[in-house]
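First the structure, which I've put down as structure tokens, then a few questions once you've had a look.
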Amino acid sequence: MSEEPKQGGYISQAWLVILLALLYGGALAGVQTTLGPIIEENKKNETYSVIPELIEGAVKENTEEIDVVGENGKRQRVYKALGEDKQLKGWLLAASGQGFADKIDVLVGLNADLSTITGIYVLDQKETPGLGNFIIDPPFRDQFAGKSCLEPVQVVKAGPVDGNQIVALSGATISSESVATIVNKGIANLRGPIDKLAAEGPSEEANTPPEDPAKK
Amino acid sequence: MAEDTKPTADPEPAAEDLSPADGGPTAAERFINGILPENPVYRQLLGMCPVLAVTGGMKSAVTMAAATGFVLICSNVIVSLIRGLLKPHLRILVFTLTIATFVTIADRTLAAFLYQMSKTLGPYVPLIIVNCLIISRCEICASKQSVGVAFFDALGMALGFLLALSSLATVRELLGSGTWFDMTVLPAGWPDWGVMILPPGAFLTLGLLLGLCEWVGQIREARAKRSS
Amino acid sequence: METVINLIQIAIGAALINNFVLHYFVGICPFLGVSRKVDTAFGMGCAVTFVISVAATLNWTLTYFILRPGAPLPAWIWKMVGGDSATTLDLSVLSYIMYIFVIASSVQFVEMYVRKFFPPLYKSFGVFLPLITTNCAILFGCLEILKHLQDPTALWGLHEALALAIGGGIGFTIAISMMAGIREELDMCDVPKSLRGAGIALITAGIMAMAFMGFAGVDRGVQQAVTFLMK
């Protein structure tokens, strides 16, 4: 077997590796510049494409993203849903927490005066397929529409529901309760700050809107 | 004596290492070889991690097979092109570098154009880097053969991998959700065998399918022995 | 106190509930290949735990300071060369290559260290140590940590990354040792000819996976118990 190369021989041995590293690095930089923006777009669209579904009359291109500081002291992004005529149609906030199996990410829609939930959308979940998985389907999600934000949503095992209650999925009580807890915590955390923001008026803490309004 | 003309330090190269000109397997033979006789999953037992993980449905299985095939073919071709420049003790490094680059490209392309699928496949696309199949093909075939032979070998292995993934995904998806490629196949009355989609189902299905392949192989061997 | 509960949750999650082998299907090759005898299996598990901790530490440091979007070191260099401070540099496209190199180097260093300071241990490991480089479990652990370094508002610290890595390694050790124990028994049983070897091992793994599914919700219970005891 050949002996290990001496000090000076390292470059002559490793020139191929160094050259390849540079070439591949360049190729990856190219990939990142071309595909990076598309991936960012995809990530944003995931949230944006749901907005018209959760808030009636909202036009997703007019949505504004604003950072607020929640009751827990952490900065969080909320979405201000505007209609065709730039009128305030509602608010959306993202909330996440521990589900049965892993984290669940939920998008919660609130109406313009922050009194009722317009609906929820499950962005990401890894619950048990065939059981907890059904939290993503309309029959479970639609129960949240119309519930009040002023008190926590409660989960009961069977109907009929009374007041701010929803029925848990059969065989997936923990997943259902987790979603309700996440929604309740998210609203409790951000409802106050959003209310304050709505009262103060826009553009104080507004981030750059996704579409340039000069396009109009 | 004729045997003494060869230096004793140099062992006879294995039949597989010979290029087609020297009597080793041709490109076409390597291609066919990769699909069933030397199937990467059922015969060589390589690359099991994605086989178990993404075969819950046909769509993710086929996407994973395509991604693995892309990385396999590209890295085999590149390694074959630079095979003359490889230093023996740095070659694994070069293989890994090449494979990691192509996996990053595949992963980013998936995230850009098939975003939902990319999220479903999750961390298993980067795990193609440590898929033993690709490194072993680079080591065994691409670093010693010409580009054409390496390309067809990679293509054969990729098709074999697709076959393995599809067979497992078909069983799991049909029994687990009654669908195939998300189209309902079994009648609505079929009680979905949830366990098939979950980890235990993956292990059990693969174990039984492996047993099936072994059994078929043994029957053929016995038949060949009887007829010879 | 909350951090300790969080760490315990992460570790138990990685070891039992989302076991690397039986839930995430990583590390199957050594799981099937090295699980013939309990001693070698346990040794392999310990080696994997050690390497995964080293690799996780190095990779966390690398990602936190250099690779993630908005990382401090590239931002500092960018400012030095006069770039504008509005652009956030994102070097995460190089993550996979850097990770696999760090893992390969960690394995090399661990091998040299063990060979120098624990020769009998090195002899018993033999060829396993270099094999750990292609062990999916290590790269998977690092990828999981990467997942938690994406959101700037909720970054994982080194302690959480290590909790995941060590928990995952311990889970791997538990799974592989159990499998070895079962296979030692299976050697004396009458397994059908076509299922011998990998076939019966996978079926056993399936039954083990079913058993481990029973751990779901344990971390929540531990959290509630610890919170209750702390009151």
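As written, the chain order gives the labels A, B and C, with residue 1 at the start of each chain.
Just so it is clear, a contact is a pair of C-beta atoms (placed from the backbone, for glycine too) under 8 Å apart; a residue touches a chain by one contact, two chains touch by 3 or more.
This is a predicted model, so every value here is computed, not measured.
Taken together, the touching pairs cover every possible pairing of the chains.
For the pairs A-B and B-C, the larger set of C-beta contacts lies at B-C. Between the Cα centres of chain A and chain C there is a gap of 28 Å.
Annotation: 36 Å between the Cα-based centres of chain A and chain B.
In terms of their C-alpha centroids, the spacing between chain B and chain C amounts to 24 Å. Among the residues of chain C, those touching two or more other chains are numbered 93-94, 97.
Annotation for chain A: residues touching 2 or more other chains are 24, 28, 31-32, 36. In chain B, the residues that touch at least two other chains are 93, 97, 101, 104, 108, 198.
Touching chain B in their complex are the following residues of chain C: 22-29, 32, 93-97, 100-101, 104, 133-136, 139-140, 143-144, 147, 192-195, 198-203, 205-207, 209-210, 213. Every residue of chain C that touches chain A in the complex is listed here, in rising order: 17-18, 90, 93-94, 97, 153, 216-217, 220.
Considering their complex, residues 56, 82, 85-90, 93-94, 97-98, 101, 104-105, 108-109, 111-113, 115, 119, 176, 192, 194, 197-198 of chain B touch chain A.
Chain A contributes residues 24-25, 28-29, 31-32, 36, 74-76, 98, 100-102, 174 to its touches with chain C in the complex. Touching chain C in their complex are the following residues of chain B: 45-46, 48-49, 52-53, 93, 96-97, 100-101, 103-104, 107-108, 123, 126-127, 129-130, 132, 135, 195, 198-204, 206-208, 210-212, 214-215, 218.
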